[in-house]
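Quick heads-up: structures coming right below.
In what follows, subunit A forms one complex with subunit B and a second complex with subunit C.
On to the complex of A and B.
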């Protein structure tokens, strides 16, 4: 049972990571910096709860603010370039953040042991959950409360004017600009929202794994972050959730019995999915079909 | 002063390998306008084929080089057929995500074939480094630099003086128009991909024979260094790729000397980031915006 609860935790945190890339992708930008904001959130939240004994929610709020501020600061210069340039610039930023934490040591003596991040060895003993008597189920509920809140917020944003503006910039920058939309402001805001979500996700990640290392936040994690929304489709937030369940639940955990051969099939299946559905698993066509099914059922009930 | 010059020389030598990696990358990007994350891993697959030949059958460096280049080219065609050929225009990110998936696949395949972490690789030359005044020059580094300059010239010639090069340039200009005048776009793109991976194979062979070992991590290293050198040099520019590689090598060598090896990689990323912001076109690239088909959301 604990195994499945652990899996649900992983899916929750990766959904947050995917959603942070989803916001940025809506404006047509591909950012590989999300793992960097995730790392900042993880280290900051971990240091606040371990070294300063802050409550977790407060620490998460601070890491969200810092992630957002960093994304805003990166967004202004980086969004001058687009396309592949932006991909590489954000990847460079993400790797720079990772290498910063690789060289970052700040330890405090606590009883017999040293606490705090220690360069290449990483940041051990982030024991907030066990120290405060949180069981696995409590942690799952906590993570999913946040995931649901974030998804609800993005869902609402998608349906409001803000979402329309974001998608307009993503579809055609020139047309959006000619209707009076300030595209730089829109892109930087999307990046900032993405940074906030990634910061929260990172903070939670640090606490449920209890041990973080710079290598976990490399370019592989950044690519996973954009793979989720791309694979799931950009029609709405559930596409990202579906893709996380598909990749983390089905491909990574479901194929574990294959042992070392798993990654061969894993790569092949993602390529297959992208070939069959280049617009994502949950694209506009599927949504129309779903909607029609639901409304037909509704009619029958009414009749 | 001697240190300064020696570091610059070392940087130029290491940089020529980055330049070679960037050369293959820029060819793929110039033709496809898409990012191939599996570029390094396909070179690594070539390296594994080479090391099997060396360890099992005791092949010489030239035979290893030949099979490595062939292996890299075949792996490149595999990537192209799976991730790039089936995706229609406008699905650039789908290609990128697919090539990432293939990266994981190739890395796992290498680990399955040879489960130990590192494998030996034949050195190209043995013997003491050449002395030139107070400075030291390694012979294999000189061969690397020579290969980089020679291949640049060869690619420039192939692109601007041959019929195949003309076809490729037509595809770069406008794939639909190229198709209409009777160019087999699919085959030409596949061949360009194979050529790019083969160039990567040359670069990989030279780097690995200096290191004398191959690890699964080599794929990621090659992708990142090639990408950074290409971006600094300017997208789609052949001489720019070499120039960007050399500049990256020199900057890294100096940073390592003055700030230590941990700062080396960090410096590379910071240089790239600053370069992209201040002068997004790179050293020799065209003005930003004119040549970038932004990978739009599908």
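On to the complex of A and C.
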């Protein structure tokens, strides 16, 4: 049981990472900076709970604020460029953040040991969960409360005028601009929301892995972040969740029994899925089918 | 759509097959699960560990197996899971193992995975306020110093690199008093090589050597021209490379290309392996490395042959895995572990207590001491690359 609960934790945190990229993708931008915001959240939350003994929720709030602030700051210059140039600019930012933590050392003596980030050797002993008696189920409930809140917020946003504006910019920037939408403000806002979500995700990540180091926040994580919403589809937030379950639950954990073949199949199955469902696992067609099924069931019950 | 459904169904079937399952107790087998990197740049370490675990299990099984707490004899079976040298995956793998009837796990390969894993374990045994996982893990490869301190459920059978390099530099001072300057090359983004480089530098300075510079590179780097150019400029007597075989070879080849010829070369423990010889035997000629394994005793020769039969290579890391199987056998017998589904919790506690109580174990090169913080003090020797093979240069204890 512990194994499955642990897996649900991983799926929860990666869903937050994917949702952070989802916000940006809605505006038609591809950002590889999400891993950087995730790293900022991880280090900040870790330092606050380990070095200053802050409660986790407060630490996550600060992580979210800093992640968002950094995303906003990056958003202004980075979003002046488009397409491939933006990919390069955001990837460069992500690498800069990673290299910052690679060189960042801030340790304080705690009894016989030194605690805090230690450059390339990472930051160990982020043991808030076990030290406060949180069981695996408690951690799952905590993570998923946050995931559900974030998903609900994005779901609501998607259905509000804000969502319509984001999608309008994503569909056709020129058309959106001609209707008086401030493109820069929309893109930077989306980037900021993404940074906030990534900051929270990173903060939780640091606490369930107990040890973080720069190498975890590299280009691979950034690629995963945008792969989730692209593979899942941008029709709604559940596509990202479905993609995380597909990748983390099935491809990574489910195929572990295949040993060396797992890595080959991993890439192959993603390519296969993208070919069969080019608009994502949960595209508009699937949503229509689901809606039809739900309404048919409702009619039967009514009859 | 149908094709996609079939693909999904196949993956689901795989997931179901891979789900942790309870091993039937009546067949009297004891499954030991190892885990580590079997993919990626450090894949070879996982491959060697798996081969070593299987080789040792076969050796024990041939001799009659292990005696369980109820007096029954059981055979060892080995399962090895890939964590891709990724901390998140390592945690998941250990949770998977701990969800089964296993009472111990052997691994991981990478120190960064061990850091995370040992962090999720209960820190102090019996501390009710700590909800960490209560599951014993004994590491065979993860070599960064001091990792077992993280939890009282974590153990290691890896050599102390601090002791090895301390002795090596003291020995070099007596053997080569004329060598005064040293230049370092470090694989900066890998926890083990980075930490060990700190040890090398400190020991060099402690023995009166002057550090004239250092070059840094990353585990996945393939070009080293800038770093070696700096090294050439420094013109050191000694070059100490703290890197794994892949980049050690890259750096050595670049040194040859640029004509950098130090009077002495020192390498990282992990590079005293067949991979270095396969990758750059010519360029590595003469490199001195302290290691806790070489086929210099009858037991070590036999182990090397057995590991080779399972498609692996015996080196200081896989030899540790080989030794661990014999350690586990002894602890199972001494602690009267039952290895039954209904005794899992008690068996884990007995295994932890048994491992913690060890003062000395039998190693392939001789007796291995155990410290209070659950680390090993292994005998070691210095090898050097000569004519395409590793040859013993000096054995400090002899």
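Simple rule for what comes next: the second predicted complex is superposed on the first by the 303 of 303 C-alpha atoms of A that agree within 3 Å, B and C clash if a C-alpha of one lies under 4 Å from a C-alpha of the other, contacts with A are read in each partner's own complex, and residues count from 1 in each chain.
In this text, a residue touches a chain if its C-beta (ideal position, glycine included) is under 8 Å from a C-beta of that chain, and two chains touch if they have at least 3 such contacts.
Quick caveat, the model's predicted, so the values are computed rather than measured.
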| query | Counting only touches as set out at the top, which of subunit B and subunit C does A:28 meet: first, second, both, neither? | reply | first
| query | Given the touch rule stated above, what does A:2 touch, subunit B (first), subunit C (second), both, or neither? | reply | second
| task | May I ask you to decide whether A:211 touches subunit B, subunit C, both, or neither, giving the answer as first, second, both or neither? | result | second
| A:163 contacts which: subunit B (first), subunit C (second), both, neither? | neither
| said: If we overlay the two complexes on their shared chain A, which of subunit B and subunit C does A:102 touch? Say first, second, both or neither. | reply: both
| request: Pick one for A:279: touches subunit B only (first), subunit C only (second), both, or neither. | output: first
| said: I'd like to know which partner A:82 touches here: subunit B for first, subunit C for second, both or neither. | reply: first
| field | Common interface positions of subunit A, toward subunit B and toward subunit C | value | 102, 260, 262-263
| note | In their shared complex, subunit C is touched by residues of subunit A numbered 1-7, 10, 102, 113, 119-122, 124-127, 129-131, 133-135, 208-211, 213-216, 249-260, 262-263, 269, 272-273, 276-277
| query | Hey, which residues of subunit C end up touching subunit A in the complex? | reply | 1, 3-4, 7-8, 11-12, 14-15, 17-18, 20, 38-39, 80-82, 84, 87-89, 91-93, 95-96, 98-99, 112, 115-116, 119-120, 122-123, 129-133, 144, 149-150, 188-189, 191, 194-195
| query | Mind pulling up the subunit A residues that touch subunit B in the complex? | reply | 25-26, 28, 30, 77-78, 80-85, 87-89, 91-93, 95-96, 99-100, 102-103, 170, 219, 223, 226-227, 230-231, 234, 260-264, 266-268, 270-271, 274-275, 278-280
| subunit A-facing residues of subunit B, complex | 29, 33, 35, 37, 82-83, 86-88, 91, 93-94, 96-98, 100-109, 111-112, 220, 224, 227-228, 231, 235, 262-263, 265-266, 269-270, 272-273, 276-277, 280, 288-289, 292-298
